[in-house]
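Several structures are given next for inspection.
First chain A sits with chain B, and in the next complex the same chain sits with chain C.
This part shows the complex of A and B:
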């Protein structure tokens, strides 16, 4: 029952007792998604005794860290009513360049890693330019970028990416501190910063405005083109960074390393309560969505099916999750009584 | 033959709540066949909800409806239409990407060979309908989105009239129409064939001209059904808002004639605007009066930075300026802030709170350490909400949940908070209730008293006369006449609106009055 359910009230002045600041749709959504994840982890003991343990929780969080970071970028783009389908290609770009340019050791990492991220940002700027200036629909523009990048990566690597993980990334992905993987600490900080950026900064506020109604945002003095382009840049930088994290985790790059993040990145955002049409949502919900999807993935993996079947089931579960966890259903939860 | 006193539609004890928000508490209403019945009430009184219930868009929680003696409980728009109840909505329900003909004929398009929808038969049938309603000038093959707002509204009305065999609901049908005779003629035609008309309008003069009885809604209840001939305007306002409303013109010191010009336009052209020159002085309230489509929209859109002029110069605070976008307009000179015509599409950001909407243009200024805290945002919004009589408790609500009047107050508050010294207001009281109008007038006057300048357009002449220090009449894209001080009289403006020489005799004014309302 929401804090607003204080009896019958109406629109006009004196008789209006409605309260603001009750439990928001986003909060309820995030709580439900997190709760589902916990239930799933506890319940997974029935599938296999190895599951449901503390170490499995840490494994899930480590695996979820990749999805959390890409979904943050995807969430910003979805927020403005766009869609970034170039994320897998940019992950691969970040990964291939990190392994190829820096390689094992730490030589030059301090300037090469930022340079690689900047290059990924340029890819995002290209997406933003196509969408805002050339007015190409986002899914076509980002898909085209994706194809261009994939082809370039294939040519650059002659099909076989070389190199290994820089030491800094290995430290991030492979060491633990007080029994908790370093990357989990990193992700906690990332989530705090991402939440603040999306929900508390001027930039985030402008993205909400653009997504809610670009014409009205323009009248209100928001530079719609610049704000939208920055969202694509942020998305590409996040994807590039996930490429680096994957290199640290797997100690190398492959040409298909980003492929499995396309649908999950969108699904995590939508399951987390954002409208796919833009203008609503919070990063905390998206994080819940990412953790829930990753938990599902590990449970399915534990059942021991072949990779092909696992992918089929994952796809089916994502569709089901999108159907059941849409924001309209949460909106209904908030309305006691009549419907 | 339908008896004069037969009840076409009876509504009893209708109630509707959205979650914890009660939109309608208890509404009783009966429409007689062949009558035009007015529905009056402030914004938020529940008129729109009642319209939605009658047209089958939403279903009531309680109560019942009887249509020509039979139970009436429509589950969808097409249900009520099939039963002979058709609605012309305030928020037009036409599909902008389809043609006029397709909009008129949907969902049953004439079929051609092979059973496919025939574009030619559709157009022919639509042309036939348009001709019957005196709208032959509208091209049936044109996309609806390309039509002027007034033409779209006429189309919405025509479509409803085509389907209304028992009851016709007209929700603010004249909001975008500068002349009403066309509508009045058609309304008389449908009532002559026994259709009951529920007429919703904020313009009492129109209501008196057309309706015999009115039902007043307040706070989701039907307060009373009155005979309009026996009720004064003040009585009706009191029933609507629960208090008396003053309507006289506030006395305001005229700004000095030699006040510096904040806006000076020299032979500005663009869209349908033709070489308009005007100046807006510091502290002045300048009204623009015009019939629909005389270039006023282009004038405001150019000044707001939303359209480019094709010729002429714009000086803001003495400096030649090109207003490239709304951001540039906000920064030009002392700043130009715009309240747009269409609240829903260009004004509000419905998923943000009222406070978020109000503070959006100044978000960068109110942030501390790069972050916007709720307290800062509410505090900034509170600084201006009082100026427009926007209750503080609304600031935390999603603005889309507020009534139209409160949304408009929020938009006005937003322009005040930008600190801009010039306001551009396009029909600032369109579709808002009497109480909100008074609040908006007060805010505008106070802004001008504090040295701000206001350029506003209004589709209602009394508003121009009450509010403006000076008024320009646009006709055919040009400044046709100018009135100031005591010359600001309705009969003079009416003549100029339709292109009669400035200051026509009484006869000319009377002839033109109908067309200019």
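This part shows the complex of A and C:
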């Protein structure tokens, strides 16, 4: 794991001394989040006897797959101390172009799928350029990109995205192997690859370094601008891919298809144990966060309460989870008087 | 900075130039007087909103209105404040008429009243306002909720577990539909609402919310849905669940599914009804007939008939229009979330598919007069009037008869 510790290190200046017995705080956090998800699924039997079943687990994993993929990208951006608010617009871009350019009857146009992802990557590069070269604060830059993209999509489609799901995406989202949806296998592979990229490659380590202390990283020879830009590119490619997955899932694109992923993508990253200030976190924790949020959604949907109260409970549980899981909390409790 | 003089000079020059330009434009305007019509949307970005707006654009570009109407579209977002200020600007710009999808039934009343005093005609479509000087053109009062609920109860034989897939929380249209539906469901003790969720009138959200509800209640017998209903069918298929009776709105996907023998064999039954984007076209044509002096009509609430297409009435269109009683397009021609009720052979014969999808006029079409009579809508407090009494039979069934007794 990272030698940089977590975000709180930057405030108190202490060395990374909170690891004990070789198990990092991040690993503990990830285990806790996964455990909570399992407890929630088992406990949901009390809400409805049909819950707590294997089929519920599969539903949760399918619905969580979108969030896991976008949260990986968001996690990389958060890691370098940024924030990507253009995710919903890039999801829509990926979805609209996939349904429109490739579509159902155009199997020969599979090569357009990587082209669409590349286009999304360009959007990420634009974000990275604005943040690193023009020095625009990340949330302003990505919000501006988001507005431009959403408007372009509205203009391009005149409001009605055309087309349907290409065969390959339908296969990914709709078929099952051995009783398990294909997308679950895909997500397992994605998580392994994402974890390796984030925690086992030079690129991943550079991101940790940039997030923990950009000046130190620069001195150490890391190209901060390039590393940061690549994080935004990765985030946009992930978001574009989720747009494709959603096209496969819902057999078509809508202009608001990405809207419900912005805040959950940030929440999953933070619940997963990353510092919103950058420099710490693990993708496995983020995956746990995404699964926990989705499980919560399914369980709460089954409670026969008014919508208002359901949302209050959902928000309350997220706050509670953050309160108990945030590493900064432990740090501050230990060192009262410092912020 | 040495001196402000050059700046002042430049400013004076600019002002003079602008004044001249304004005079010229004004003179041209006087020679060639066009009706200034504004199309005010609250938001765009779903198929329904775009289709409704495109219909108005297509009609405004159809002769003779292409020569006599100057249409400006303004999208102000989901915030009532923004739509108020959009209306203000339109009134100040000398609008003759404003055709609008209002974001709130009450928040816009004050500015609408001001506009009426200045002689601006206000026509709302689909959503309504309670200000009495506006014309509301809407299907809301036509009983979507109670009629579809009764249709579902009929299909279920008066008993079973159902989901309610609702619209946007806090929206008056969603509330009216759901109140009407619950009025029916409550009469049948055998009907149990096991899950109720908001789907934001969106296919994908409906699909995900229905998937969640199915995880907890795989024994569901029927689904009462507002727009986005095609997502409910997909969620059932995804879960490997048998299909159940579903009532929903006017998506192309639902209508094709209802008529599909494979889907029927798996248990799909139901009806397609709900909000027609064509309301905007009817509202626009009414407004233009008043402005051009072809019709006199005091501000009132006008009811648009509820589309009602059960499985045996689904008929696939061969061309790009609703002809010979057809009411759905073949798969691949439009997306499954396309809202089919964009045409009305009687009220809007000018339109074709390109009108709804791209706002283009149909080649060769000219504006046809509307039937002389309009259908007045009943009072609905908080929806189309304030401090008024609803009729005693507010939720009476108009389209479907109960086939099972409670």
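Following the convention adopted for this analysis, the second predicted complex is superposed on the first by the 283 of 339 C-alpha atoms of A that agree within 3 Å, B and C clash if a C-alpha of one lies under 4 Å from a C-alpha of the other, contacts with A are read in each partner's own complex, and residues count from 1 in each chain.
Note that a residue touches a chain if its C-beta (ideal position, glycine included) is under 8 Å from a C-beta of that chain, and two chains touch if they have at least 3 such contacts.
Computed from a prediction, not measured in an experiment: that's the story for all the values here.
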{"item": "Partner chain in contact with A:279 - chain B first, chain C second, else both or neither", "value": "first"}
{"item": "First (chain B), second (chain C), both or neither touched by A:64", "value": "neither"}
{"item": "Partner chain in contact with A:321 - chain B first, chain C second, else both or neither", "value": "neither"}
{"item": "Contacts of A:78 with chain B and chain C, given as first, second, both or neither", "value": "neither"}
{"item": "Which superposed partner A:302 touches (first chain B, second chain C, both, neither)", "value": "second"}
{"item": "First, second, both or neither for A:215, with chain B first and chain C second", "value": "first"}
{"item": "Which of chain B and chain C A:223 touches, first, second, both or neither", "value": "first"}
{"item": "Which superposed partner A:260 touches (first chain B, second chain C, both, neither)", "value": "second"}
{"item": "For the chain A and chain B complex, residues of the former touching the latter", "value": "2, 4-13, 15-16, 18-21, 196, 200-202, 205-206, 208-209, 212-213, 215-223, 279-280, 334-338"}
{"item": "Contact footprint of chain A on chain C as seen in their complex", "value": "44-47, 49-51, 53-54, 169, 194-198, 202-205, 207-209, 211-219, 231, 234, 238-239, 332, 334-338, 357-359"}
{"item": "Chain A contact footprint on chain B (complex, rising order)", "value": "17-23, 25, 42, 44-46, 61, 218-220, 304, 306, 325-327, 330, 338, 340, 345-353, 356-357, 360-361, 363-364, 367, 370-373, 391, 393, 395-397, 403, 414, 418"}
{"item": "Complex contact set, residues of chain A against chain C", "value": "44, 47-48, 50-51, 53, 55-56, 59-60, 62-63, 99, 104-105, 150, 154, 157-164, 174, 246, 249-257, 260, 297-298, 301-302, 304, 307-308"}
